[in-house]
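Input: structures, listed below.
Each of the next two complexes has chain A plus one more chain, namely chain B in the first and chain C in the second.
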Partner chain A sequence: MEFNTEKIGDITVVTPLANDIDVSNADDFKTGIFPILEGNSKIIFDMNQVEFLDSSGCGALLSCLRQMNKSGGSLRLCSVQKAVRTLLEIVRMHQIIQIFNTVEEAVSSLQTSG
Partner chain B sequence: MTEIIKAEAKLEIESGMDGEKLARVRAFIGEFCAGIPDYLFDSDQTEKIVLAGHEVVTNIIRHAYGDKCTGELIQIKIRISENKLVLLFYDWSEKRFDPLPPRSPHGLFIIDQCVDKIRYSRDDNGKNCCCLEVVLKPGGDR
Partner chain C sequence: MNDKSDIWNRKKPSFGFISTRFAGLDGVSLETGKWAEVLLSKGCKIYYMAGQLDTDPAISYLAPKAFFKHDEILDLQESIFTNKKRDSKISRKIQELKEELKSEIKKFHSKFGFEFLVIQNASAIPVNIPLGLAITEFIVETGIPTIAHHHDFFWERQRFNSPAAGDYLRAAFPPVHPSIQHVVINSLAGYEFGRLTGASWTLVPNVLDFKALPQEQDDYSKDFKKDIGLDDDAFLVLQPTRVVSRKGIEIAAEIVKRLGIPKACLVISHESGDEGEDYLRRIDEFAKFIGVDIKIIPGKIGKERGKDENGNKVYTLWDVYVNADIVTYPSLYEGYGNAFVEAIYFKKPVIVNRYAVFVADIEPKGFDVISIDNYITDDKLGRIKDMLNNPGRLAEMVEKNYMLGWQYLSYEMLEEKLEQLLINYYGS
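Now for the complex of A and B:
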């Protein structure tokens, strides 16, 4: 899976370039994203291109969250499409990972959290 | 009492962990649900039913046939009657799909949250069926 990455100060905004993150590519997602997580402590996943997420995709996001928590970093999501948000709410991931409407809001949250 | 079926559709795919096949399943279920009148069915429910169907097919591919197995038949039927939407997922794997953890607790939890009823069965010919039911809004006989 390919990603766009953008640096805003010490924050890294990562955009997965995939319409779906599901059982067919969740491992590719993890393989591609983990090296990015390792080198950065403040990460935003811009989910604007992701139209569908399944349980495996959720699992991949949880792995990223665990990795960031372990290293003392922070992870935010933004620009989450409706179907994806529906799933995140079903599995209550919205209670453990902060979700923002826009990149700007997510950036602001990380800037104020120090 | 005989159930009066108002509409039904069928899709057959071959097993194999292929994103395009899973997208076809989602499109098939989504397009059928899109044809259901609003007074019977909240459009928001479509996302959940599509998700549940995707998770069932994923479970069949991963746990019934096995990740490495390709070309095995999965049949999906969807129908609407006066008061419910029914999705039937058939496979002919030797393994009876076991809904108990630890196989895919996350996926099963999602399915459970998205539909009103889930039933599993296996007939004497080795056909496994996972049946999802969604109760429609009252007034479906209009």
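Now for the complex of A and C:
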């Protein structure tokens, strides 16, 4: 899986370039994203291109969160499409990973959290 | 942040769990472990008291007579539940043991100073009447906020229907008191509890941690089929239950036979337990009679991976699920259906009988399973074959079920329920 990355100060905004994150590519997602997580302590996943997430996709996001928590870093999601957001809310992942409407809001949240 | 989530920031009470046993793989111990995990994750402290424990000694209080198999308790229980009248000596003995156990509960409370008492089934099933009475008096005398988690009630078991015990059962199984919040694991039990006691109840079904995705096949678990004498390409039909008559295992055997899949084997994970060997023999004979390969493998399954005394690999139940092609659950009765939840969690197709609690609490959630009504028909058999022959449909089915499990039967659901119980006490 490919990713776009952009630096805003000490924050790294990562955009997964995939419509789906599911059982067919969740491992690819993790393989690709983990090196990015390792080098950065403040990460935002810009989910604007992701239209579908299944349980494996949710699991992949949670793996990223665990990785960031372990290293003392922070992870936010933003620009989550409605169907994906609904799913995240159904399984209450929005209570575990903070979700923002825009990149700017997510950046602001990470800046104020120090 | 909503009000409900905020309760965990405002309050982090400590909890004293009490039961007759917190050890091993019985349903009450397993479910207690999950409650503890959720509460610990919210920063709460947990302590345990029981008559048998495998919990951390630093947070545990052992009271041997709380165990339902303690000699004195067994003698007492036998006397009460096999006679129509109760000898006055037995009444006195009950009072003595009750006082002794109440003193133990007080010491448990003094030692750890927990704020909430959580009764795990000890006030529902009267396998230790003095313990139930002691808990009741402790609550009445202290007014301690209490959550009583009831897994099965005495009125669900014929053997507890004794006139020599009715006065105690009405008083303490379960007790009704303003400081007690009652939790049941299925709505049918809740309705009956409410009808008999007039008290309100909260439904908290048994859960699994769906956000931790199920383990996958690995180098250890891949040997399982070979170790139970199956070829790698054998079709493993898992019946993840004990061998007792209410599990309807004849139906599972018949399904295996009628599917006609080469190298199919019905694997039963648990033994017959304390309900005798007659049904086990019947199932063995029935399987031979209809020509179904059946393997009952409790000796291969342990709490953790490891080796048995002969140096053979021991697998976890999770290893067995990983190897299953399909799960059968043709139970005639279940308190909830842990095996159903596990099958959903492991993304396995399930054939389930529509037992009462399934119809009341599980089916309405919309799980996509093959359900039967006490016997297998050609139509259902055809649906099973269609499902197995259509990998796309199978994948959609198990994914849908997993997400429904995450929604309704997960740690997150449990956390919300516990939040509500705390809010009921502290206010929002």
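Definition applied: the second predicted complex is superposed on the first by the 114 of 114 C-alpha atoms of A that agree within 3 Å, B and C clash if a C-alpha of one lies under 4 Å from a C-alpha of the other, contacts with A are read in each partner's own complex, and residues count from 1 in each chain.
Here is the rule we use: a residue touches a chain if its C-beta (ideal position, glycine included) is under 8 Å from a C-beta of that chain, and two chains touch if they have at least 3 such contacts.
Everything numeric here is computed off the predicted structure, so don't read it as measured data.
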Fit-or-clash call for chain B and chain C when the two complexes are aligned on chain A: clash
Touched partner set for A:Ile90, first chain B, second chain C, both or neither: both
Partner chain(s) touched by A:Lys82 [first = chain B, second = chain C, both, neither]: first
First, second, both or neither for A:Val23, with chain B first and chain C second: both
Touching partner for A:Ile8 - first (chain B), second (chain C), both, neither: neither
First, second, both or neither for A:Ser55, with chain B first and chain C second: both
Which superposed partner A:Ile36 touches (first chain B, second chain C, both, neither): neither
Residues of chain A that lie at the interface with chain B and also at the interface with chain C: 23, 54-56, 58-59, 87, 90-91
Residue ranges of chain B touching chain A (in the complex, touch as defined): 17-19, 22-23, 26, 44, 47-48, 50-51, 54-55, 58, 61-62, 104, 106-107, 109-110, 113-114
Parts of chain A lying in touch with chain B, wherever the complex brings them together: 20, 22-25, 52, 54-56, 58-59, 82-83, 86-87, 90-91
Residue ranges of chain A touching chain C (in the complex, touch as defined): 23, 54-56, 58-59, 62, 87, 90-93, 95-96
Chain C to chain A touching residues, read off their complex: 5, 210-211, 213, 395, 399, 402-403, 406-407, 410, 412, 416
